[in-house]
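Below are structures written as structure tokens.
What follows is subunit A paired twice: with subunit B in the first complex and subunit C in the second.
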Partner chain A sequence: MKIFDWLKERYDLDFFIHIFKEKEVPKHKFTFFYFFGGMALFFFIIQIISGIFLLLYYQGSAEKAYESVKYIVTKVPYGWLVRSIHSWSANLMILCIFIHMFSTYFLKAYRKPRELTWITGFILLSLSLAFGFTGYLLPWNKLAFFATRVGTDMLNKIPLIGNWLSSIARGGEDVTGATLTRFFGIHVTVLPLIALGFLALHLYFIQVQGMSTPIKVKIKENMPFFPNFFLRDLFVWILSLAILAAVASLFPWELGEKADPFAPAPAGIKPEWYFLFTFQTLKLFPPHIVGFEGELVGIILFAIAGFLVFLVPFLDKKAQKDEIDKKFAIFGILALIYIILMTIYAWLD
Partner chain B sequence: MKNIFLIIISLSLYTFGSNCINCHKNDKYYMEWQESAHFNSNIECSICHNGKPVEESKEKAHLNLKKFFTKKEIVLLCGKCHEDKNFIKKFNPNLKTDQLSSYKTSKHGISLFEKNDENVATCIDCHNSHKVLKVSNPLSPVYPLKIVDTCAKCHSNKELMEKYKISGNELEDYKKSVHYDLLINKNDLSAPTCKDCHGSHGAIPPGVSSIRFVCGRCHILNQEMFEQSLHKKPWEENGFKYCEECHGNHLIEKPNDELLNPENGLCLSCHTKDDAGGKLMVHFYNELKKMENFLDENNIRAKKAEDGGIFMEETFINLQEAKAKFTKGRTMIHTFSKEKFDDILKEGFEILEKEKKIIEEGFKEISKRRKGLAIFSIFAFLLAILILLKLRDIERKKNG
Partner chain C sequence: MEFTRRKFLNLLLGITGIGTLSSMLYPLFKYITPVKGEEVLSGSVSAGKVGELKPNSAKIFKFGAKPGILILTQSGEYKAFSATCTHLNCIVQYKEDIQHIWCACHNGHYDLNGRNISGPPPKPLEEFEVMLTGDEIFIRRRQG
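Here is the complex of A and B:
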């Protein structure tokens, strides 16, 4: 308490005092979904800690990347666990972000005055996918190498600037050691810096504006954020940690074979599960659609869809008046079904 | 002179064009020729069929036309260009020009030229008449994947083969062999087909004394070992057929250790169970079985350890090395020397013992990890319960 008083004497801590003393969380039948944001944050913290540990041994070059990860998982004490935790928590984080985003969408938490919370959340989702894409290549194994080649190849389809963008991403014409080096740099410096900035904004907006209550949902009562919701959050975090520890130690993340740029691409190259639905969709597109390359049309359609989702708070006029527009709910359900079915299809294909 | 003549014809056709197409463009043979290697090299109809393709009227163009050929004529006609080094090298400097001379030494050629036997295969029976494709073309009848069926067109005709005292079962037998399995199922184009043992243009069955050299072209070690073994002398004295004596000819099955089975092993056709040869066979069999079981056991255990999250890449590499020793041990049987065989297998057993210990270490590590997880889970569970209790306590107090 003395430290707190010492700090209070010097700094304005009203904001934090407000969070701990006055902030309340509405209690209703969908309160459960509030936890997914916190779980995503928890996995992000795990990512940072395990990532720092991995950085102690990882070497970001084509010659040493695979060997260094091999060293981590075989020789470094508990290196296998740290690497496995890093990979598993990345995937669990993205899963939580998806659930968090869809629950926010269906509960219309993006409506006024929380437009910017949605926007920053959307950016954080995009950054998480970028984290996943860049991190996937870092062990420099065969599957990651060819999946990255396929992924970066899509940039080539963009008219006019496609080749330029692809060569910027790859650091040359093809995926090489130069690609690995820049992906490593982006993964451990650029993305964390940007993500931390947007995360701070996202959390700030939530603390300032509080939790949104869904339209026409009966509020049972409001519970204090501290300690009631905080302890619930802590309970969920401990469960998340237990699940993470179980999957990471029972199913350690595989390393696979070292990438060989001169070897033919193995059959059944697939990206990480969160890219599967886009990958499968583009695969099913015909080679040409009304004179345009099929994949290009697919990429443009995905870009438009992504942009529309980004702008949802401004497009859903009814939500701003606390009214439900069924069109948006139907669109969301269809998108969710489509993503799930396409992911399963790609998985089985 | 002939050279100059052919070049002039080729050039004139190239310059002035052939009129054959005017009438024959829809003919089967003309269309086939358009797909051939000859078409791409501007070897026109008139080079084989004579005539004057630059003439526009049918009568003039067909002057001296040769429509049909006897088998001998076909061989000599193809040979005219294909034995001419200077002519052939204009199209393909690497193409051999010994086809005609080789053919004349073959069973086919001898029968044709010395016995006037018109049943024998000539160039067009294997290469087609008009649709002559490069050997490297997968559609060519002499491409490795197709040549067996091409030879079988005649050689599986039992009625025809009876005249030559050939069984006609060769194709049937070959298709059950390890070589055919490699060729078709493993897509190994280097696997031997008919021509690799019998020759192509100079096709002739290898004699008893030379069969070891035919097999030895690929199975070098086995041949060398056998040549230096104590079996060479009795083999030669008794006129045994070297490799074929144990492995057969067309139906060569994948060798397996059952060839050494103590009850009915191959060696028992000359040896008894109790003589030195019989005992050596049993020793080979027992040691190979022991090592095979050890290898399988290690591979299964290593896979389980890998599934449990232990990095086993190096172990798998070393197990591959042990497998190589095992395979070499099998090959060493051809030395019929217990010492040489045991030396190789000993190296393999040493690797297997070492890897067994590493795999066991892996299982201990898995067990340690599971225990760690269990302790952590109990701790997390207790902590979660404490939080819930605390929460219930807080909310109970609040609600009064």
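Here is the complex of A and C:
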């Protein structure tokens, strides 16, 4: 307590006092969904820690990347576990972010005054996908090699600047060792720095404004954030850790075969599950749609959909007045059904 | 609108600011743009030896920095194409059972003339010229 008083004499600690003494969390039938943001945060922390451990042995060059990961998972004591945790936690984090995003979407938590929480959240989701995409290449295996060829070639389809953009991403005309070093640098320095900045903003907004309550949902009561909700959060974190430990040790993440830039794409090749629905859509699009290349039309449609989701707090005018606009719920449900069906279809195909 | 001394100085400051910023950003912009490699291959490359391939089979060969595919058809004719799928850049393979060139990534099919016949590829594969010199197979870009 003495330390606290010492600090309080010198700094304004009202913000922290508010969080621990006054902040409350509303209790209602959807309170459960408040946990997913915290879970995503938990997995993000695991990512940072396990990522730093992987950095002790990983070598980011085309000649050594695959061998170094192989060394980690075969020779380094518990290396397989650290790597498996990093891969599994990444996937669980993205799953939690998706659930978190869809729940805030359907509960309209984005409405005034929390527009910027939504915007920073959307940016964090995009950064997570970028983390996934750049990290996927780092073991330099076959699947990753082709996923990166396809992913970066999508940039190539953008009119005028596409060629330049894809060469910036690849560090040249093709996916080579230069791409690997770029992705490595982006994955371990650029993205974490940006993500930490937006994460700090996102959490700050939530602490300042408190949790949103859904429109027309009966609030049973408010519970103090500390210790009541905090302990519940902690319980969920321990549960998350248990799930992570179980899947990471029972199903160690595979390394696959080393990438060969002069071998055909293997049959049955698929991207990570969270890119499956876009992958399947591009597969089903015809070569040409009203004079444009099919994949360009697909990419533009996805970009427009993403942009609309980004702008949702400003498009949903009714929510700003605490009224429910069914159009947005229907759009969300259709998008969710589309994503799930396309993912299953790609999985079975 | 009056053009005051303050406005004039703000304008100067703005121009200097933009100038300084672009003089810093331009080198960085050039730095991240990859150096253009020399465009390969005005000549030909060796793709292997005659007799290496059985009829109705294929192999990938290095055409400079890019992959090419050499096919020996059922009728004993050599065909060579760029092995980069025109859809999203994957490397194609030869499917012996249906005698198509096939891309596993998004299920694109090409016939033995490189024409895109099914699936999402928007363009045919570039066909190369095959030359047999002794027992060596040489490949080059089609002239003209």
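Just so it is clear, the second predicted complex is superposed on the first by the 349 of 349 C-alpha atoms of A that agree within 3 Å, B and C clash if a C-alpha of one lies under 4 Å from a C-alpha of the other, contacts with A are read in each partner's own complex, and residues count from 1 in each chain.
Note that in this section a residue touches a chain if its C-beta (ideal position, glycine included) is under 8 Å from a C-beta of that chain, and two chains touch if they have at least 3 such contacts.
The structure presented is a predicted model; accordingly, all values stated were derived computationally and were not measured.
Novice: May I ask you to name which of subunit B and subunit C touches more residues of subunit A?
Specialist: C
Novice: Tell me which partner A:293 touches in the superposition: subunit B (first), subunit C (second), both or neither.
Specialist: Only subunit C is touched by A:293; subunit B is not.
Novice: Hey, which residues of subunit A end up touching subunit B in the complex?
Specialist: 70, 73-74, 80-81, 84, 227-228, 231-232, 234-235, 238-239, 241-242, 245-246, 249-252, 255
Novice: For subunit A, which residues are in contact with subunit C within the complex?
Specialist: Counting only subunit A, the residues touching subunit C are 146, 149-150, 152-154, 156, 164, 167-168, 170-174, 178, 261-269, 279, 282-288, 293-295.
Novice: What does subunit B use to touch subunit A in their complex?
Specialist: For this pair, the touching residues of subunit B are 309, 311, 313, 369-370, 372-373, 376-377, 380-381, 383-384, 387-388, 390-391, 394-395.
Novice: What residues of subunit C sit close enough to touch subunit A in their complex?
Specialist: Against subunit A, subunit C makes touches at 32-34, 37, 60-62, 65-67, 69, 83, 87-93, 103-107, 116, 119-122.
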